[in-house]
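Common to both upcoming complexes is chain A, partnered first by chain B, then by chain C.
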Partner chain A sequence: MRIPVGVMFILPGLFGFILFFIWPFCISLGYAFIDKPINGSFTGLLNFIELFRNKSYLRGLSNTIRFIAISVPLNMGLSLGVAMLINKMKKHKEFFSLIFLVPLVIPSGSMVSFWSSLLAYDGALNGFLQTVGVEKIKWLDSNLALFVMVLIFIWKNLGYNMVLYLAGLSNIPKDYYESAWVDGAKPRQSFRYITLLHIAPTSVLVLIMSMINSFKVFKEIYLITGSYPHESIYTLQHFMNNMFASLNYPQLTTATTVLVVIIALFAQTLLRLERKASE
Partner chain B sequence: MKRFLSRLLVIFFCISLAACNADQNTPAANSGTSETSGLSTAEISGEITISCYNTMRYKSFLEEAARLFEDKYPETRVNVETFSAMPEINTANQDNRNMTAIQMQDDPQGRADYISRVNTSLMSGEGADILAMDVLPVHKYADGGQLENLSEYMEADSDFNRSDYRKNILDAIEYKGGTWFLPMDYTFSYYAYDSTLLQGDQTASFGTGSAFTIGQLIELAGASFDGETKLFNSPDYVRGPNAGMFGQLLNEGYTSFVDLESKSANFNAGGFAKLLETVKEYSELGYIPRGVTGQRDAGAIMQQQPTQQTDRYFFKLEDNFSLMQQFNKNSGRKMMIRTAGDGGGIKDDDEIAGIQADKDGNVPFEFEQAYGLNKNSKNKRTAWAFLKFLLSEEMQTSTKLSPVALPINNAARQQKAELLISGAFMGEGKELDDTLKEVLRQYTEAVEQLSDQINCYKIKDTIVNDMIAAEVQYFFDGSKTSDDVANVLQNKVELYLGE
Partner chain C sequence: MRKGADRILVPILFCLGLVFLLPLIVTFTNSFMTEAEIALNYTSRLTVFDLVDGVVDKFIQIRLIPKSFSVDQYKEVLINQPSFLILLLNSLKITLPVVLGSLIVSMFTAYGFAIWDWKHKEVLFSVYIVVMLMPLQAVLVPNYIIADMLHIRDSYLAIILPGIFSPFGVFLMRQGMKAIPPAYFEAARMDGAGYLRIFWHVAVPQLKSMIAALCMLLFIEYWNLVEQAVIFIDDYAMEPLSVYLSRLAEGRTGLVFAASCIYMFLPLWFLTLGQKDLEKGIELSGVK
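And now, the complex of A and B:
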C-alpha cells in the first residue's frame, strides 16, 4: 500500500498523540469494566448502570449541563458583540483586542488570588456592600455561586472567542454590506442575513472551543472553592477529580468514557450540520 | 486512511484489555490465602518498606524497631519512610520550672499530598509494604481491596496468640468482617470530678466501672452549680480538627451525623444545629469557658498556664495518661501535662467519675500508632513478621513510643506502667518502694477497669472532619447561623459520601 507523503509527515505527531492520549485512555478503559482497581473482576456494563444511579454524578452532570447552557451562548453572544464593535473601529483596534486577551494569559494562581479576595465572605466586594448599607452576600456559598462561575468563565474566555470572530468577520466582503445598504436593508437585517450567515463556520468552531473551555474553568473553581464546593457548582470534573483522589478508578474511567462519547457525538453532529448547511 | 486509523485503534484497544487481564493473573495480585499458609515456619528475609506521615510520632520508634528486627533476622532489611516535617519545640522557664511545648501545626495540605502520593503508588501496583494508618483512610482502602485482611494472618499464624492482646480492642477494630489494620496501642478519655465540689449522693454512681456523656454529668451536678465555678474545663470552641466542647459533643453523636459504613449524612435534621446552639448555650450559662486564641499555639498555651491552674471545675475531660498523675499525687511527685485545647484547672482534688461514652452508650478508643499491610506487597510474610515484632513486649515497652498511649500487649502494658511510675521511662528511674508499688497497683487496676468498657472504634474520615472544622468556625465567629452551617455541611458531606 502506498502511503501518501502527507501521512508520513503527520505520523510522528500521530504517534505521540496515540502514545500519550489514546493509549492511556484505552488502558484506563479496562477499569470501567471491573469492580475494584486491584484484583477486580469483570462486571460488564454494571459500572455504567451504577454511574447513572450515583446521586453525586447526576448532580455533577446536571450542573455541568446547566453551566454550559448558560455560559456558552452568553460567551458566544458577548464575544461576537465585542468583535463586531472592534471590527468597526478605525483606530486602536489592536489595543482593545489586547485588553480582552489579557485574562487568557494571566496565570491561574494569580487569578484565583484575585477572585478569592474579591468574592470571599469577608472579601472586598462584601466590604464595599457593607459600606453602602447592603448585607454581605455569600457569593461562593449559595446558588449565586453558579453565576460567579459563569462570570469567571466569560471573563477568561471572551477574548479567545473574540479573536476567532474577528477573523471570521474580516473574511466577509464589505461589498455585501454596501449592497444591502443600497437595497435599503436595516442593520438588523444585514446582521441576520449577511453577518450571521457568513460566520456560521466560525460559530461552529467557537461553539466547540467554548464547550471545551467550559470544562477548563474547573481549574479556577477548584482552586477557589476546593474539592467539595457549593452543590450548585459541583461539576463532572469535581466528581472525576474526587474519584481519582479516592482511588475509585472504575467509576472515574466510566465517567470519562461517558463524557468522551457525549462530546464525540456532539462534535460529530455539529460538524455534520455545518457541512450540510454549507452545501 | 479512516480504515487504517480505525484498525489501529481497535488493535490498541484489544491489547489494553489483554494487559488489564494479565495484571490480575500475576502472583502479587492473587488473594492472601497462599500468603498465610505456613506463616509461623516461614523464612523471614528480604526487604520491606514501612511508610508513615507523622514523623514525630513514628520515626524514632520505627528506626529502633527496624534495627532490632534486622539484628534478629539478618537476612532482612527494613526501610522507614516518613513524610511530615518535625514540629517546632519551644522551651521556657517560668517560676523556676522548665516547660517544653511542642507546637504541632495542623497541615491539611501536607496530609492531602501524602495521601495522594500513597494512592498513586498503590494504583501503580507499588507502595510501601506496611502503611501507617495515622492519616490514611483505612475504611476506603479496605473497601477498595488495597489492604490485606489481617484476621487471616492472625488465625493462620500459630505463633500469634490473641489472648496476649486486649481482646476488646481487636474486636472493636473489625470492619465489614475483617481486620484491616492493627493498632499498637490505644488511648481513651475519662471524666474526672473535683471532690470538693461534688460529694455524697451526687458521686454515688462515679467510678472506674462507669461511663458518662456530658449531658448526664450536667444533670448530676445540676443542684451544685452556682454560676461561678464552671462545670467543664473545655472551652466552647478551639480552632483545629474538632476540639473543645464542640469536639466532645460531636464525638458523642458522630455516627448520628455521619455514617461512613452506610454512606449517609444527617446534618440538617436539626440535631447538628442543636449541637452548635447547645455549645453556645453552655458558654452563655457559664458552664464552660470561652475559647481563647482559637489557635493550637504552644506559645499562647504556655502564657495561659498561671491563670488556668488556679481555676476549679466540676468536671475535666482527661486522657488515660492523667491517671498517672491521679495516682502519683500522693507520692509527692507532680506531673503536669497540658495539651492544646486543655482548659487546665486545679487537679489536686480530682477523682475518677467515669469513662467517656457516646449517646448510644458506646465507649470508643483512639490509637497513636496503627499499621496495615499493603495488598501489593511482594514480601507479605516478612511484613507480617515485622508487624508481630512491633506488637511484641520488647517493642511495646520501648521508650521511643509515646508515654501517653497504652500498649495493646497485655504484658507490655503492665511493664510500661512500672517503667512510667518508677520514672525509668523518662530516664530517671528509681526502685519501686511500697508507696510506688501501691500507686502501680491502683493505676493498673483503674486502667484495666476503664479499658474493659471499650467496645467500639469510630471510623472517621479526615475529609469529613476537615469539612466540619472549616464550616463550624463560621458559626462561632458569628458569620453564619447554626442552620446555615448544618445545611452547607449536609450538602458537602452528602456529595462526598455519595461519590
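And now, the complex of A and C:
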C-alpha cells in the first residue's frame, strides 16, 4: 500500500502533537479518576467531589468566571468603538492601530514596576488622589483589585480585537451606508442595522479569542501580586499554580479535566453560533 | 464620509493612544534617571526631614522627565551585572528554538493537510482547533506529565518541545495556505514538479507574510513566558527575564526601568517592522 504524500508531511508534526498534547491529556484524564498516580485505585467521581468542595477552587472558578463575564463584553465594546473611530479616518490609520497594538507585544515583566508603583497603597495614583482630597484606596488589596485586573486586560488586549474588528468593518460595502443615508436612516439606525449585523460573525470570533486571551491576564496579575493575591482576584490559574507547587496530582488533573470540558462546550457552542451568524 | 471627520477623530484617538502608551513612556523616560533619583521617587518611606516637616503620608512619585539625564542604569544592567545578560540569553534560548521549530513543523503539517485528499482530514484538523482553543492552564498539566515521563522536566526542553508542536502554528499556516489558489498547485504538478519542490517554490513564497506573522506571534508569546517558567524552572539562574524582572522590581528598583526597556525592545522593534504582517496574522487567527 502506498502512503499518500500528504500524510508524509503531516506525520512528524502529528506525532509531536499526539506525544505532547493528546497522549498526556489522556493520562491526565485517567489520573482524575484514581486516588494517586502510582498504583492508584479507581475512585470514581471522588476527586471531582473533593474538588468542588475545595473552597480555594470554588473561589478561583467563580472569580475567573466573573472576570470573564465583566472584562470580555467590555473589551469587545471598547475595541469595536476604537475600530470604528479608526475606520472612519482618512489618514494615519496605520499609525493609530500601531499604538493600540503596542501593549499586546510588550512583555508583561516590563510593565510590572510601573503597575505596582502606580497602584500600591502608597503609590502614585493614591498620591494624586490625595492632592484632590480623596482618601487612600487599596487598589490591589480590596474588591477593587478585580477592577484593576479588568483595566489591565483591556489595556493589553484591545489591540487584538481592534484588528479583528477593523478587518470585519472593512468588509462592509460602503454603498450600504450611502443608500441608508439616502433613505433617510439616522446614524444610530445604520449602526444597528448595517454595522452590527455585518460584524456579527466577527463578534463571535472576537468573543472566542477574548475568552482565550482572558486567561493570559494571569501573567500580569501574578507578576504584580504573587501567588496569594487579594481574594477577589484569586483566579483558577492561581489555584492550579499553587497545586503545582505542592504537586497535588489528583486535584490538578481533575481541575484540568473540568476546565477542558467547560472550554470545549463553550467553544463548540460559539463556533456553531458563528456559523449561524455568517449565514 | 464628511471631510472634517479627521479633525475630530485625531485628537480623540491621540488622547486615548497617549493613555495606552503612558506605561511605556514612563518606563522609557525613567530608564534614564540616576539610581539616586529613582530611589527618591519610588520610595514612600518617611525620612527624618519629613517627620520634622510634619509630613505624614508620602507617596511614590512617577515622574516623566528625569532631573538629570544619565545612562547609568543601562551601564549597570548591561556591563556591571552579568546576571541580566545571562537571563536575557535564557529568554532567547527558549524563544528562538520554539519560533524556528514551530515554523518548520507547522508549515510542513499545514502543507500536508493542503495536499492530502482524505475525506476525514477536517475531523482530524478539528482536534487541532480544540487543543488550540484551550487556555494555557489546561495544557500545563499534560505538558508537565509528559515532561516527567521523558525525564526532561528540569530542562528547557519541557517548555520548548510542546511549544514546537503546539497547534496554533499549524492552524495559522493552514489559514494562510487556504488563500493560495489550488490551481497553482495543480499547474506545478502538471509541469512535473515534486511535492517538495512545490512546497518550496509555490507554497513558501505565497506564505511570506504568514510566516512573518507566525514568527512574531510566537516570539511575543514565548518572550513573555511566565507560567511555564514558574512551574518548570526551579533554578533561579535558568529563569527567563519575565519572572526575574518582577523580583528586580522588589529589590533593585533603580535598575528595573532600563532592564524593562531592553527586554521590550525586541518585540517593539518587530512590531514596527511587521505591523502589516502581524495584523494579517491576527485577522486569520479568527477561527473560521
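Here, the second predicted complex is superposed on the first by the 258 of 279 C-alpha atoms of A that agree within 3 Å, B and C clash if a C-alpha of one lies under 4 Å from a C-alpha of the other, contacts with A are read in each partner's own complex, and residues count from 1 in each chain.
Operating definition for what follows: a residue touches a chain if its C-beta (ideal position, glycine included) is under 8 Å from a C-beta of that chain, and two chains touch if they have at least 3 such contacts.
Remember, predicted model here, so these are calculated numbers, not experimental data.
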{"item": "When both partners are placed on the shared chain, which of chain B and chain C touches more of chain A", "value": "C"}
{"item": "Which superposed partner A:V7 touches (first chain B, second chain C, both, neither)", "value": "both"}
{"item": "Touched partner set for A:I22, first chain B, second chain C, both or neither", "value": "both"}
{"item": "Which of chain B and chain C A:I233 touches, first, second, both or neither", "value": "neither"}
{"item": "Which superposed partner A:S246 touches (first chain B, second chain C, both, neither)", "value": "first"}
{"item": "Which of chain B and chain C A:I38 touches, first, second, both or neither", "value": "first"}
{"item": "Partner chain in contact with A:K55 - chain B first, chain C second, else both or neither", "value": "first"}
{"item": "Partner chain in contact with A:L146 - chain B first, chain C second, else both or neither", "value": "neither"}
{"item": "Contacts of A:L207 with chain B and chain C, given as first, second, both or neither", "value": "neither"}
{"item": "Chain A positions touched by chain B in one structure and by chain C in the second", "value": "4, 7, 22-23, 27, 31, 122"}
{"item": "Touch list for chain B against partner chain A, complex", "value": "1, 8-9, 12-13, 15-17, 19-20, 24, 29-31, 115-116, 119, 122-123, 125, 137, 140-141, 144-146, 375-376, 463, 467, 474, 479, 488, 491-492, 494-496, 498-499"}
{"item": "Contacting residues of chain A [partner chain B, same complex]", "value": "4, 7, 18, 22-23, 26-27, 29-31, 34, 36-40, 54-57, 59, 121-122, 141, 227-228, 230-231, 234, 239, 242-243, 245-249, 251"}
{"item": "Of chain C, residues touching chain A in the complex", "value": "1, 5-6, 9-10, 12-13, 16-17, 20-21, 23-24, 26-27, 42, 44, 57-62, 105-106, 108-109, 111-118, 127-128, 130-131, 133-146, 149, 161-162, 164-167, 170, 195, 199, 216, 220, 223-224, 226-227, 230-231, 241-246, 248-249, 253, 256-257, 260-261, 263-264, 267-268, 270-272, 275, 278-279, 282-283, 285-288"}
{"item": "In the complex, chain A residues that touch chain C", "value": "4-14, 16-17, 19-25, 27-28, 31, 82, 85-86, 88-92, 94, 96-118, 120, 122-124, 126-127, 130, 136, 155, 158, 160, 163-164, 166-167, 202, 205-206, 208-209, 212, 215-216, 218-219, 222-224, 236-237, 240-241, 244, 252-253, 256, 259-260, 263-264, 267, 271, 274"}
